[in-house]
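The same chain A turns up in both complexes below, where it pairs with chain B and then with chain C.
Moving on, here comes the complex of A and B:
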């Protein structure tokens, strides 16, 4: 098809070239070449637009992923030379590693509890901010601040607040409830609570912003009609508000949950995975295995297991999330 | 009528109760949000003597900026700051350029159908830890480890789903008539894109750029693994404070302030586009 088009154009070019002088022939040929190029680029316009981005993604995420399939099945360890095929041994190392299993549990626990708390607090904020009142604009600006802070910085600041013995939080608790010997960042279960608090501080605004967009788009007539019918506020909330913002709840939870399972930065700064390996998340475990102990084969095998688990979550949540938007 | 009046009275009573709850809840949450930021600022300007006291010094009587200079020079924050700025700006420019072209193609021609756009979106959710190891090995072979270029490329790719989908959403709600008119006027596809669509989409492009920038500016994981002694960015300097002593509280806080101020200001400027930015255009907002 493309060839036929090109030859038709070059046929016309031949006619034009015959009619032109020697000097004009070069110009005509150049013009023709420009025209065939522009015709070609117009024909493939939509693909040319996506090509650079697709090529970059292929080079920097798809190619590495494919390459890592090989890494997962060979010996790839900076301490042991050679890359012999080892079958499923890397995967067995991960599955049999109690630290890996514990890190998966920790990841599930921390991400689910953070997201649930963020959702509830964020919904409360959104409901408190639905009505217009003086000072709302300023409060809005303050509420979104944590979204623009690096998670590492969040972890650093919370470490400062929670550390013993000079941190302000420990002092205030001591004043209120008497001196404690609790270490907020290393004690059980406070280290988990601290990590969740850091995450909640940063990401509750995320839930808030999206749920507020949902609440403000619910038509006021629905509420007015319900109030005229004398429906109780609780029933309005359950039967009107929640169903109306359900799609946005799904979106907010999807985005948050898929980010929360990657939890790494706050762990790195606040607990360093410790004490011992008790606050390892999966990302932190894979980082330690690959980049501190240099068992690259094992870490890659582990990241493939993690990737497949997340992919299941993505397929489940994101497909569902996009469906109502498309309709 | 009487029942209507009763309902109204009940609503007014409920309203004032509502207001009380709202004020208390918002107040408590604002304290929770602001207290850590206050503490970071105060710690950054406290003289060293004020760190190891019980009770803590809530407000320093002799504020000092010495920690900022120490953070910039002793802890090499300045190099990190420059690296962060260069990498973030370059990656943002590339990401928004490629993302805008892709988003336009998705919105106007449905290129590749749902599969291609969903594939791009799914990159957003890919755990970095699954990609970083082979990228690290690839970069080692190409000599890209610990270079700004390497970081720019990986940030471009990881922020591409964001910029492509934000622009996809933006172009989708932008009427196509003007571009069609330009085509009739003989502009050609590229002319219609360059001279008509892009100028009209400028607000969306700026918003996408700010979000991509904040993403790059705050990123930690890739920078931690792919840089070491020369291309390190601002967030990675915080690993130097791990298990830190009281004497470096000030520097850590000063660095935190330096890191958070630019992105907070930028973020506030695009507040109007926040919902779209956070959900990659899945929600109009």
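Moving on, here comes the complex of A and C:
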């Protein structure tokens, strides 16, 4: 019995010893694993930090972009079942569509006209505001208010002002010059004028703010030296002011142009693309094709064509922008 | 209502858990779980909670009024029967779905107010099924359900769609046929109560795709005082050697409108139209007038557009003449602007949707929801007539359709059946702010509706007669594209483009749409469309010998 008890005790001790050895080995293995993980994470720490952003970009940008390439080459029309490969057919539909071609011209005309006017007005206002005078702060505040208004609201405001027969602008013109047959939102060329006025009203402050920043950063010594040399105002403007703020002008025009070629909201509210298709811009055309009529393959192909054309414009402007830095 | 109940349950659960935890009977985790549930519920948008609360009580009219009596009759039919009535059957069958919520799409604002204030809460009281009203703009009522179907979200159970969208949405798998449910639940007599124009409009490829729910037929509204003016009668006779009367043809329409404008402007103009770009006015006006002038849409075999025709030219010329005879700004007006001009007494004739009658009488504005519309100055001076040329457009309208992705299909179907059955639909079309227009024979004959204003009877008879002679929208795939091309064509012509060249351009766009969708497929759809009553002027309900006479 005693022998058996001793044997049992020694057996338990042996088990405990084995367990202890095994536990020790497990702890050691865990420690080794932790060291390995720690070493691995140390080595790849920079990638771990970047990973969430990369995954996010892949999910939100790259995947939709790749998907859109697929959509552009298949049948993706709500009313035509299936997604058969159609080659370049969607692109052909866009290129052959006179409305698409016209919308490109309208986009170019409206965006260039708007940006040129906004630049000239913004520059004029900025130059006027470089001088300190009473009420300057209030005027500047009023000037930049349109910048904070939603483009849809801007479209609605101008639409209400200009529409017949209840618009106050038409009433005012009628009171001043007698009744008129002019349709400000549908007549030629007034529909374009109205759209440009709406856009200029909203975005001139953007030009103004950027150009004002540029003008105030020009060194006063340059102007003082020019004055001492008896240089005329025009020469000062042409030879000092403009070259000094040229990089900012380029930035302002680039940003505005990139935004203006996407003109949609004001068109949507003020003219609905009409009369006919005369005020269709590219964005409006793509919206109508894709999201009102669900010819998604055609709309996606059109988006790619438009993206490529816009990319060419961007590259040209960015290169111009970077040139002074290289020099 | 459900959320309120949920909140109360969660609060009760939380109190119980906290007390149990204090006693040591429950884990801290359990108590925290309840607290988190409550927090999450509190974080729900306030609008969701407030709308749920708002649905708790239906907005009912004074029981002594015609509307109050119609609502009482609807309630009685739903709760007491007749037992084979569609209302009673729907309610009884729906009770087994108590506790579910159905998501219903309605046109934003006034259209959505009725299910929020009346049919939604009443249905909930009757069946325990709550409803979530989703408001969309009219174009989005087409595009959003398609987008949701692409996503497979099952976000909507019931849609309000134009009959003309049925082919595209049916082919695209967005909506489901309801024939099996109809056979199981609907009373055939209630189906026979539809005006015959409307009963056929929900069918496509031999299946039924919803319940017709809005009789949007155009009718001519005219100023009786102007047409009864003896001086004008004499002057018209002297000038044209014709009787001065409510115009019966489109040439006569522009001639009469021009005459009134010449005689009475700027106080009263001959007419006003909603011709604004992007709105539906141009397409509806052109399509009704074009068919009235004998025009057809496509060649039966080749499916090439036939717009560039004598009928097309004639229609555009007549429309240009009508525009010229109208009040200034005619080409930029939308439907509401036309109503404003009409209610202010500035116009002698308009043609538009049936709410024109309720607005003219001042009945619609009796509710605060629609009192932003000017008071009517013409209430006792309005006459109703079928359109010049007889064929007014059934312009848009609504069908209640069941989505194919609905997770509550049967419950949703039962609501549709109940809401559109004779007694309930009568109450819904009588709500002052509703833009839902009479469409059942029982609506036209209803003594309660006829009691809403002094000449409401004439209005209802007029609507019935207009439906007898109406032409319908092009119920076939591609309607959206074809209609957009018409709008583009018209606005271009109003801006000075040559009518013939515009018709050719529009025809080319139609051909392109047809080619894109498939000529054979479109030919089949067109042949089906042509069989529908009202597809053309030669197969209106009246021409088919099915005209309904209402006294």
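Basically, the second predicted complex is superposed on the first by the 264 of 327 C-alpha atoms of A that agree within 3 Å, B and C clash if a C-alpha of one lies under 4 Å from a C-alpha of the other, contacts with A are read in each partner's own complex, and residues count from 1 in each chain.
Just so we're on the same page, contacts are C-beta pairs under 8 Å (C-beta built on N, C-alpha and C of every residue); 3 or more make two chains touch, one makes a residue touch a chain.
Just so you know, these numbers come straight off a predicted model, no measurement behind them.
Mind working out whether A:321 is in touch with chain B, chain C, both or neither, as first, second, both or neither?
The first partner, chain B, only.
Regarding the shared-chain residue A:288, is it in contact with chain B (first), chain C (second), both, or neither?
So A:288 only meets chain C here.
Quick check for you: in the superposed arrangement, does A:83 touch first (chain B), second (chain C), both or neither?
neither
Spot which of chain B and chain C makes contact with more residues of chain A, would you?
It is B that touches the greater number of chain A residues.
When the two structures are overlaid on chain A, which partner does A:278 contact: first (chain B), second (chain C), both, or neither?
After superposition on chain A, A:278 lies in contact with chain C alone.
One more residue to check, A:179. First (chain B), second (chain C), both or neither?
In the superposition, A:179 touches chain C alone.
First (chain B), second (chain C), both or neither: which does A:168 touch?
first
Shared contact residues on chain A, chain B side and chain C side combined as an intersection?
165-166, 272, 291
Can you check the complex and tell me which residues of chain B touch chain A?
Answer in residue numbers: 3, 7, 11, 14, 21-22, 25-26, 29-30, 32-37, 39-40, 43, 51-56, 58, 98-99, 101-102, 104-106, 108-109, 111-112, 114, 116, 118, 120-123, 125-131, 133-138, 153-154, 156-157, 160, 164, 188-190, 214, 217-221, 224-225, 234-235, 238-239, 241-243, 246, 249, 252-253, 256, 259-260, 263-264, 266-268, 271, 274-275, 278-279, 282-285.
Give every residue of chain A touching chain B within the complex, in rising order.
Those in contact with chain B are residues 38, 41-42, 45-47, 49-50, 52-54, 56-57, 60-61, 63-65, 67-68, 71, 121, 124-125, 128-129, 139-158, 160-161, 165-168, 171, 201, 204, 206, 209-210, 213-214, 227, 230, 233, 248, 251-252, 255, 258, 261-262, 264-265, 268-269, 272, 282-283, 286-287, 290-291, 296, 299-300, 303-304, 306-307, 310, 314, 318-319, 321-322, 325-326.
In their shared complex, at which residues does chain A touch chain C?
77-81, 93, 97, 163-166, 170, 179, 183, 185-188, 271-278, 288, 291-295
Note which residues of chain C are touching chain A in the complex, please.
Of all residues in chain C, those touching chain A are 139, 142-143, 146, 168, 171-172, 276-278, 327-329, 331-333, 337, 340-341, 477-478, 480-481, 484, 487-489, 491-492, 494-497, 502, 512, 516-518.
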